[in-house]
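In what follows, chain A forms one complex with chain B and a second complex with chain C.
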Partner chain A sequence: MNWWDDALHRATAEVVLAGALAGLVGVQVVLRRLSFFTMALTHATFPGVVAASIIGVNILLGGVVAGGIVALGVAALTRRRGQDASAATGVLLSAGFALGAALVATQSGFSRDLSSFLVGSILTVGPQDLVTTAVALAVVAIVLLVSARPLHLIGFDRAGAEAAGVPAARWDLVLLLTIEVVVVTMVPAVGTILAVSLIVAPAAAARLWSDRLLIITPLSVAFAVGSGLAGLWISSRWNVAAGASISLAATAILAVSYLAVGARKLPARRRPPLAAAT
Partner chain B sequence: MAALRYAGVSVGYDRTPVLTHVDLELEPGQRLILVGPNGAGKSTLIKSVLGLVPVLAGSATVLGRHPAAARGRAGYVPQIDTLDADFPVSVRQVVMMGRYRSIGWWRPARAADRRAVAEALELVGLADRAAHRFGTLSGGQRQRVLLARAIAAEPRLLLLDEPFNGVDAVSQEAIIRVLRELAAAGTALVLSTHDLTVARELADLVCLINGRQWAVGAPSATLTASRLREAYGGHAVDLPDGSTMLVEP
Partner chain C sequence: MIEPLTTALAVPPALPFAAPFTESLAALFTEPFTALFTEPFAVPFMARALAEIALLALICGPVSVFVFVRRLSFTSDALTHTVFPGVVVGFLAGQLFAGALVAAIVTAVALTLLTAGGRVSDDAATAVLLTAMFSIGVVLVSRRSSYTSDLTTFLFGRLLTVTPRQIAETAALAAVVLIALAVGARALLFRAFDPAGAAAAGFRIGWLDLWLNLIVALVVVAAVRAVGTILVVALLIIPAAAARMITDRLAVMAVAGTVLVAGAGYAGLLASWTASLHYGVALTSASSVVLLLVAAYLLLIPVRHLRRRRATPWERHVAHEVLTPTPRPVLEPSPPPSPLPAPSPRGRSDRQELRS
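Presenting the complex of A and B:
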């Protein structure tokens, strides 16, 4: 029998790839304080994948389109002075989820698929999903590598970046769309709603352990992959839902990191996400 | 060529002027201090030079070009509280950001870049802090790091937005010394402050603003009691010894 024919083997490969993807982009999400935005993005992705599933097109496409609309909307809102982006993001979050639920309610006999869109269904991951995740990982890694300097400059000193002629809004859009690609790619593994924990928790934990990006980034990837593998093991050992155990494993890593180092060097939180300094 | 030339300029957001009647001419090596109360338009004027706030009326040239076309050519030291102090970046990495314009986004730093960074840190007296995380430094030291970053870019025009806010005396002295050296080497400086002592000490030219330009010229001609009263309105209070105290609104 081919190694890939075993559902657990495919699931293992998928959590490793999805973990690496989440760990990489998670560093940017945490440094730029985009966790809440990412949360909204995951909820807005939900109606996208439901709609795509109803009309019978690729769910990745549906998720990317829906999430892309939210990413563009938030980017436009943060560019307007005096706009409270977090209020708009919060409304988009629940509106997205409501739209998804409404779409689901129009279909009878849809409840099983609904839960897989929400919390993933790692044991039904097929070879096609693995290829998609691998391609997404390669693309996201290249995009983040290529945009590392502008993203760091903008994240650290937005006013200085703009003064230096860096088109900050355009780079922000690159980052927001990259996050969306990651969220959508992770739907088969952990679903739309749980994706945020695998993106944010490992990176937030890694940030507690180091002040250097060259250490934070691989640590974040290692934590995310570790969460995925641990969650999968717990799931198969005790027959717990895989998506949930992966999320809980990531949360546990953050909790342990916080107890180990965080309590004595908790960074001050002063700036809002995507602070549109003017 | 003048580093900066403004003639009858109004600047502002969304077609609403924040600052009007600006007439300035700054030669290489000159130090211009912008003086005015909070909300006078000092930061807006600096941002207009950087091409980030539009010129609504009049004629403005920065290093011989329209401000928008000169974007990225002038050096800029932002107010330190606009930065993310939690960001995991070392002092050396911050100063290296000043070299991005010449290195580009993707090429690795060259020996010349590393040398420029080391020299800039040496100049501001923070060479021994190169490996420290930026956020662990004091306010004054952070300001000096940002000055080093601007110097590493070797600009012909350098703009500093309130560089002495929240800065200790040692750092203030260090910054003033470096600014004098830069000007002596031919860099034109524009600096905003509400500290009249610093303005008197450092300025070749003072531009007194509050919604409009009230005066421009040598410190002795602009920082006078009557001029300050004009610009600051009721916030300028005459003291018994004949000097003027400014009360921030």
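Presenting the complex of A and C:
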């Protein structure tokens, strides 16, 4: 019997791949404060996925198209002055989800699809999903490696980067589309809630431990893969939903890091002015 | 969780005289055209759904203005998800309403504390709290058998099976929300537009943030069971964002938001009724209301564009434009001159910045 024939083995492989993917892109999401955008993407790719499955084309294609529209929409809306990015993202989020829900409601077998979309069904990933995730991991790793310098520069000093001639808007779009690829790859396999959780929580935890990107990135990948494996083990041990237990494991890592780092350097309370207003 | 449609239809209307009254009202408009717009709401469950939407419109207009100026879209989204475990626990204990209320208040407090902490950026903290609380809800629900249908109910609500009791609960919470908002409005606005000034004037920023988060939480509790999470998020974000396109004045924004929600609610219910009854398309009422709100937002974007080009320089300095922390490159080439004779505010500000 092939090792890949066991559902739990496939799930383990998927968790490792998805964890690496999420950990890599999560660093950028946390540094650039794009959590809400990620959340909106997970909801907004929903109508694309549903429409693709109704028409009968590849689900990933539908997700990529819908996610691309949202990424471009957010980029366009936020570039215009006076438009509130957070409100625009919220509008896109509810629009996408309502559209997807309306499309799903016209089909039968409604609620099952929806809940697997939300919390995922990592125990049913097939070889196809594994290959897709692996390819996405390779592509995202290469893109992030190539664009590491400009993204780094824009992330910490946007005005300086623009003055130095870096086309910030174009690199922003590259970043948004990279996040989109990650979300679209992860959501069909692991669900929206888990995707957001695996992208944000490990990177936020890694950020607490270090100020250096070279340390944060591997740490974030390790946390994501670790929480995935721990969650999977908890899920198979106590028979709870796998997506939920993985996301709780990721949260636990963040909580432990928060307390541990807080105990280690208590006086280091940096608080930029107007932090609450942004 | 909530009774199926057939039993809900058997529930007698709250007011005994309401049915004959609406019937006679429908009979008044004997023309087929007007009947098309009033007839669906002569049915008790449609009238109740409309009443629920109208109540929500009343609170969502003003509250969404604060959500907009404080940029709390993500917080609202998070609150709608974090109420979920409370709903589950409340359902198991037989106190659904209390469960949702407790979960919402816990989230509001936790969000305020986490975002004030500053060590984890506030959007990351919100995202993690959202996913964690939702996962707890899923874990609790996944131990039960009728898992997927419960989740669906929570997401979409059952707008058409709203009971008179739920309407009464919503009305009570709406009164609480409006009073809380009226009490805190001035301080909350001060804090939104000038946090440093408000702190210097002696306001406790942390308590004000908690106050607003609690108000949003109460709106979520009031609405989530009847209309589901998707619709609540839309009701909290879109009205003010759309109203912002047509006005700079906050009071006008609140009223316009309320009108928008009420209009979209009415039209959405009508569309879903017509589509399901006459065309055999299953269009869920919550989705159609949200999609209409989004359509209104998109339609109003050009209005804003036109208004901005005509705006006087004075109007540019509405407070939350000043607050907008857009890092604006100083060396940006100035945009093409406006075809209008009046000096364009954009070109003017560019010139000023270039000079400085």
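By definition in this document, the second predicted complex is superposed on the first by the 257 of 278 C-alpha atoms of A that agree within 3 Å, B and C clash if a C-alpha of one lies under 4 Å from a C-alpha of the other, contacts with A are read in each partner's own complex, and residues count from 1 in each chain.
The rule is short, and it goes like this: contacts are C-beta pairs under 8 Å (C-beta built on N, C-alpha and C of every residue); 3 or more make two chains touch, one makes a residue touch a chain.
Remember, it's a predicted structure, so these values are computed and weren't measured experimentally.
Engineer: Given the touch rule stated above, what does A:D211 touch, chain B (first), chain C (second), both, or neither?
Structural biologist: In the superposition, A:D211 touches chain B alone.
Engineer: May I ask you to decide whether A:Q28 touches chain B, chain C, both, or neither, giving the answer as first, second, both or neither?
Structural biologist: Touch partners of A:Q28: none, neither chain B nor chain C.
Engineer: Quick check for you: in the superposed arrangement, does A:F36 touch first (chain B), second (chain C), both or neither?
Structural biologist: second
Engineer: Looking at A:V146 after the superposition, I want to know if it touches chain B, chain C, both of them or none. Which is it: first, second, both, neither?
Structural biologist: first
Engineer: Answer with first, second, both or neither: which of chain B and chain C does A:A159 touch in the superposed model?
Structural biologist: Both partners, chain B and chain C.
Engineer: Scan A:T12 for contacts with chain B and chain C and give back first, second, both or neither.
Structural biologist: neither
Engineer: Who contacts more of chain A, chain B or chain C?
Structural biologist: C
Engineer: Just chain B (first), just chain C (second), both, or neither: which does A:T132 touch?
Structural biologist: neither
Engineer: Check chain A for residues that touch chain B in one structure and chain C in the other, and list them.
Structural biologist: 81, 158-159, 162-163, 207, 269-271, 275, 277
Engineer: With touch defined as at the start, can you tell me which chain C residues reach chain A in the complex?
Structural biologist: 68, 71-74, 76-77, 115-116, 118-128, 130-132, 134-136, 138-139, 142-143, 147-149, 151-152, 155-156, 192, 195-196, 205, 209, 230-231, 233-234, 237-238, 240-241, 244, 281-284, 286-288, 290-291, 293-294, 297, 308, 321, 323-331, 346
Engineer: Over in the complex, which chain A residues touch chain B? Could you list them?
Structural biologist: Residue positions touching the partner: 31, 81, 146-147, 149-150, 152-153, 155-160, 162-166, 207, 210-213, 216, 267-271, 275, 277.
Engineer: Please name which positions on chain B make contact with chain A in the complex.
Structural biologist: 13, 47, 50-52, 71-72, 74, 76, 78-79, 82-90, 94, 97, 100-101, 105-106, 133-135, 146, 149, 153, 159
Engineer: Using the touch definition up top, name the residues of chain A that touch chain C in the complex.
Structural biologist: Contact set of chain A toward chain C: 30, 33-36, 38-39, 81-82, 84, 86-91, 93-95, 97-99, 101-102, 105-106, 110-112, 114-115, 118-119, 158-159, 162-163, 193-194, 196-197, 200-201, 203-204, 207-208, 240-241, 243-245, 247-248, 250-251, 254, 258, 261-262, 269-278.
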